[in-house]
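Have a look at the structure that comes next, please.
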Amino acid sequence: MMALILIALVTLASAAAAMLLRNLIHSALLLTASWAGLAAFYLWAGAEFVAFAQVLVYVGAISMVVLFAVLLTRPPQPMPVTPPNTLGRALVALITGGAVLGVFIGAIVSSPLPATAAPAPTVSVKQLGLELAGRHAGALLIVGALLTVALLGAVVLAATDREPVGASLDDVRGRPPGTPLQKSGDAP
Amino acid sequence: MLGSGLLSGLAVTAKNLVGSFHDPARLTTVEYPEQQAKLPEAYRNFPFLVSENATDPMGTLRCVACQICEKECPPQCIYIEKSKDKKPDATGKLQLYPAIFDIDTSVCMSCQICVEVCPFEAIKMDQVFAIATTDRFDALLLKREQLAKPNAYYHTIHPTEAAEVDARLATERKAAAEKAAAAAAAKAAAPKPPAPPPAA
Amino acid sequence: MNADSILERGPLLVRDWLVSFLPEPARWLAGSLLAITAVIVAFASLFALLTLIERKVLARVQNRPGPNRVGIPLTKIRLFGLGQPLADGIKMLTKEDIVPRSADRVLHFLAPVALLAFAILTFAVIPFGRHLVPVELEAGVLYFFAAGAATELAVFMAGWASRNKYSLLAAMRALAQLISYELPLLLSVVPVVMLAGTLSTTGIVERQGGWTFGLLPQWHVFTPWGAAGFAIFFVAALAESNRSPFDLPEAESELIAGHLTEYSGFKYALFFMAEYFGMCALCGMGVTLFLGGWQAPLSFLAFIPSYIWFGAKLMTLLLAFMWVRATLPRLRIDQLTRLAWKFLVPLALVNLGVAAFWSLSADWTGAVRLTRWLIAAMLLAGPFVLLGRKLTAGLAPRIYRYAT
Amino acid sequence: MEPLEQLHARLLSAFPGAEISIVNNPGPAAQHSLLLPAALAREIAFFLRDDPALRLDYCSNVTGIDWLKAGHIEVVYHLYSMALKHGPVIIRLRTANRTDAVTLPSLTPVWRACEFQEREVFDLYGVVFDGHPDLRRILMWDEFKDHPMRKDYIEPDDYEWEPTPHGAIHDKAKAHYPAAVTPAEGAAKP
Amino acid sequence: MIASDISPLASRLSSGAHTRAVTDPFHGDLLEVSMGPHHPSTHGVFRMQVTLDGETIVKLKPVFGYLHRNHEKLGESTSYLGSMPYTDRLDYLNSMTNNWAYALAVEQLAGQPVPERAEYLRVILAELTRLLNHTCLAGFLLQDCGCSGTPLMYAFREREKILDLFEALSGSRMMCNFQRFGGCRTDASPEWLAAAKQLTDGYGAFLDEYERLITGNEILMARTQGVGALKPDLAISAGITGPMLRATGVDYDLRKVDGYGFYPRFEFRVPLGDHGDTYDRYMIRVLEMRESIKIIQQAFATLPAGPVMDPKAKLRGFRPKPGEAYGRIEGPRGEIGFYLVSDGTPNPYRYRVRPPSFVNLTLLEDLCLGHTVADAVIILGSIDIVLGEVDR
């Protein structure tokens, strides 16, 4: 039980910190830490295969996508400052927060938690593999395609939003534009 | 086939790796303080003044302070001051000698032009290269006393060259001695015929 | 093949004897702690030795003796250079650790730590001997690559935290290289897992036991798909551990020391330790997957304990790494990624197909077995030549004319 | 390769009214040269490069010479032909004087080889080449004021002490560091 | 009528080689990187002010002058003989060819004859220097490509053997100061000639091993073929000489064109490249080494006896008659020339050095545009500059 609480604390703390910190890179890295926390949950639950897949996919690859996206995208124009009628906004925030909280608590209460932790189902990696490649092959491929599309979309979005400002090459070269450097071998 | 160039390159390095254990040509390092490579005879570093014998280096310097080397030295690093008095050199002729003969080894580039232009075989190139000092200025300014080394030392570092120089000097001195003797004989013979002038 | 000779079970007996002093619940914890310390001590001393061997091999290739001066101070004893790693260690410890003012302190400190942590994690599943597996995992290979995948994160942190033009440029290069070589590395391992039928490393090594006609060991490397897989694995491992033809990030002739420019003192040493651990782990995994782990090469040599065989194979692979480093020039960043995406990945996919054919034709017997070998080899040689020709289009040694 | 006199005659006929003269080289090397007027220099250079009989397409060397007594700075170009592999044609351009009128037409548009060497003549002699694509100092640092290779250049006095025991360097160093007395100096009373 | 079309650089760039419009430099898309003067691969104190757009080079400004000792001003205040040791310091890797170029110029200035044996000895020493320089270059170029020192060590192992020969002959490995006006300072002893002959006979084997190590290497071919290609007409106009020019296919070797120093007596070929890129420049130098070995062997075979120094040559008080002379020879890096104006005094009135690497640098920017930083390092390496000669 101690381990579960510890893992939960780490995951929640890093997720919260990821949201609160101003430095974008720090929050991206903390997000990765919270994914690692999720992997620890799986390990605690005994599902090694899922835990290692989680680490491999999320901490290995998706964190890279997030970091590259942070690096490539331009800082957006400053957000328009909203008018300060804090009472109205606070009310709306409270209601939505409360509704989400209610749903969670309802789900936790209604799910029949057995007194002792149920014995982990002994599923060998081989059976998992057969299941995945068998009945769920379609789902696997779709998820893969989805991820690739998301990745490419991020890159395209990042690349196009850097609209080039026209500047002829000579300005850059520091030579007053138009002074010719005689092309060799040209007849006058 | 792709990669054959890489493999032939790897083969060469492997041959060198194995070769370095048995083939002396493949292990060329001379570990300096313990092993010392033999210097070729023509090797030259800073100049030194040749003195006839080791017992009295200052007395028997060949240098006659003619200051040709001082003029010809490209970086001008030689400083000579003539002596006021004269002293007999190897052939007994009275010659000047350098009162001060400084070489600033921080400026000298061992180009050996002073040796070529010296008509008296008085300055030769040494083979000393491990001469580190702590003081940047004065210790690198070698005085006449530090520069003078005997002819025997010259024979040890440049044997063939020293032998030639000695042979040439010997013939010159013999010729000079015969000329002097002939002149002395002629002078001795000449005063006899005319009557000695009255002892006024 | 006495599996449990005294030598074979020696390390386990020692561990059980040590653990027996403790009460029951702490035994498991003490046992695993002992295993961890054993692995770290072994590979840390191997790291020290490797830096010396690397410099000695590089020197001997270049016709010079290599470091042989560091000895016991104030005496003439010179210890054949074994004092060198000690001297380097002390130097690294005593060097001043400069952190640039504009650097992002937290990340700057965390980068080497994270890199080293992930590198050490990967040792958990490598079977060093018949009974010497730190952690017996059912999905061992997946765990290995999961732990290895996080090194990119640490390299990015190092490059970004130094706030230095060179290190940022180099961090981007390093990431491009690591990501583009992750794929061939994994794809070259898939046929092994497919043929061995299990993800657990000990299972893979057990399947490579036995010798055909008593002489030829049944290691994966002696099958066509195994040889191709091992070649791809070797090249990808070189790239993953930033070794010679791919040591682009710290290409000293261009960007001074890549993402390590702003590191000095012990953090710099940590980076190197992490690089060597990463190299040892990848070589260990290469040995496990392709070279038969701790299996003996010949049947009558099986009396030698298994961890000796694993050590010998690991050392030969490490020497091959150094041999390549001493010889080959470096690839440019675009050639490097083109090699990965346009040559290694397609070849690995073809290798997957050949492995499938190999497993389907497992029951061919007699003379047909030779044709099975030939077909597999042809299936591999074709794409190899075609892709190779496309990769080196327009590059060939030239014939030169002479002025009349 | 035609003799210089014939080339001189052809040039005079090609560029009527231009005063081109032959400068005789008294030394045994006998490499005589052509003195070109500054105004038509570039046209004559194009002619030398593109004339089918000459084809002097390679400008090997550009040198500045400071004739102090004659009162002008001279720029000498050694031209060779790589196409026809024949010997040097040497042309000389002279500035009006050594002080203000020191501009000459740049021949970089004719031969790209002159780009760096003309910048060096500008840097060390102060000859301004108009039409040069990138006229900056090439060897000295940009803030350097004077032109060091001129005969009347005065060395700056920011001198680092040199123990060389004698000669002009010693005197200058002693003047610069009157206080510092070295044993050598003490012994050698000039 | 000044030619009005645009410069070769801009035209090549706008012709699609690099069409992306460059964003305004102040918005930070262009990375201004200064490589040098203290940089591991710039062969001396040489700086390249590089403007990078991502990895490709958009602008490259070479900056040198850090090693400027005003060699020519010194020449004017020293006697003719006094400048000879200073010429060792021009191209400090090949002092023998510098000395010969200077001696040749002064001999033309003073009309000083040179005995045959001295000319043969000069040819042998110049070709040995060419071997030494090209071996060095091959080592440096591959060091820049990233081989961790191995080819460089092999190159330096062979170079040391040649330098030992120079030390045994002239007294110093690199600062030989060996030529005089009218011949060589000392004669080559029979033992020296035997040692030199044995070295050149064994050099072919070293070159074979070296080519096996590097020339067919796919990575090197990928890194150097097509990198920094140079067209012949641009090379001629820019005054490029030496192996860099012959790599573009222009047949211009001073040993054949000027025929100085009895070169016409020796039978050797001049290799020419077709693409003028870095690979050609490297291979031309390796082939030239093989030709140099042939020349040395022929020179040994026909070395005449006789004096090494013209008896009437004056060592001191050397006053050439007023006049001027421009002497040039084919140095390992290209044409090295000395232009001397004499006014009858012991010191030259004007002492000018025409260094090959200084002029060969003219096209550094043209070759590097559009390539990456890694290529710029290799292109600079293949141009083979030495800063003592560039800055003088």
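For reference, chains read A, B, C, D and E in written order, and residue numbers begin at 1 within each chain.
Criterion: a residue touches a chain if its C-beta (ideal position, glycine included) is under 8 Å from a C-beta of that chain, and two chains touch if they have at least 3 such contacts.
The structure presented is a predicted model; accordingly, all values stated were derived computationally and were not measured.
Least step count on the touch graph, chain A to chain B: 2. Between chain C and chain D, the least number of touch steps comes to 2. Comparing the chain pairs B-D and B-E, the larger number of C-beta pairs in contact belongs to B-E.
Chain centres computed from CA atoms place B at the largest separation from chain A.
Here E is the chain whose Cα centre lies closest to the centre of all protein Cα atoms.
One inter-chain figure worth recording: chain B and chain C are separated by 62 Å, centre to centre, where each centre is the mean of the chain's CA atoms.
Chain D and chain E, compared by their mean Cα positions, are separated by 23 Å.
With centres defined as mean CA coordinates, chain E is found 44 Å away from chain C. Between chain A and chain D, the centres computed from C-alpha atoms are 67 Å apart.
Within chain D, the positions touching two or more other chains are listed as 109, 112, 133. In chain A, the residues that reach two or more other chains under the touch definition are 180-182, 184, 188. The set of chain C residues that touch two or more partner chains comprises 61-64, 326-328, 392, 397.
Remark: chain C residues 57, 60-65, 323-324, 326-328, 384-385, 388-389, 391-392, 397 touch chain B in the complex.
By the touch criterion stated above, chain B contacts chain D in their complex at residues 70, 75-77, 79, 81, 100, 102, 104, 106-107, 137-138, 140-141. By the touch criterion given at the top, residues 161-167, 169, 182-184, 187-188 of chain D touch chain B in their complex.
Across the interface of their complex, chain C is touched by residues 1-3, 5-6, 9-10, 12-14, 16-17, 19-21, 26-29, 31 of chain B. Residues 31, 33, 40-41, 55, 142-150, 153-154, 157, 213, 215-223, 225-226, 251, 253, 256, 269-275, 279-280, 283-284, 287, 372-375, 377 of chain E are the ones that touch chain C when the two sit in their complex.
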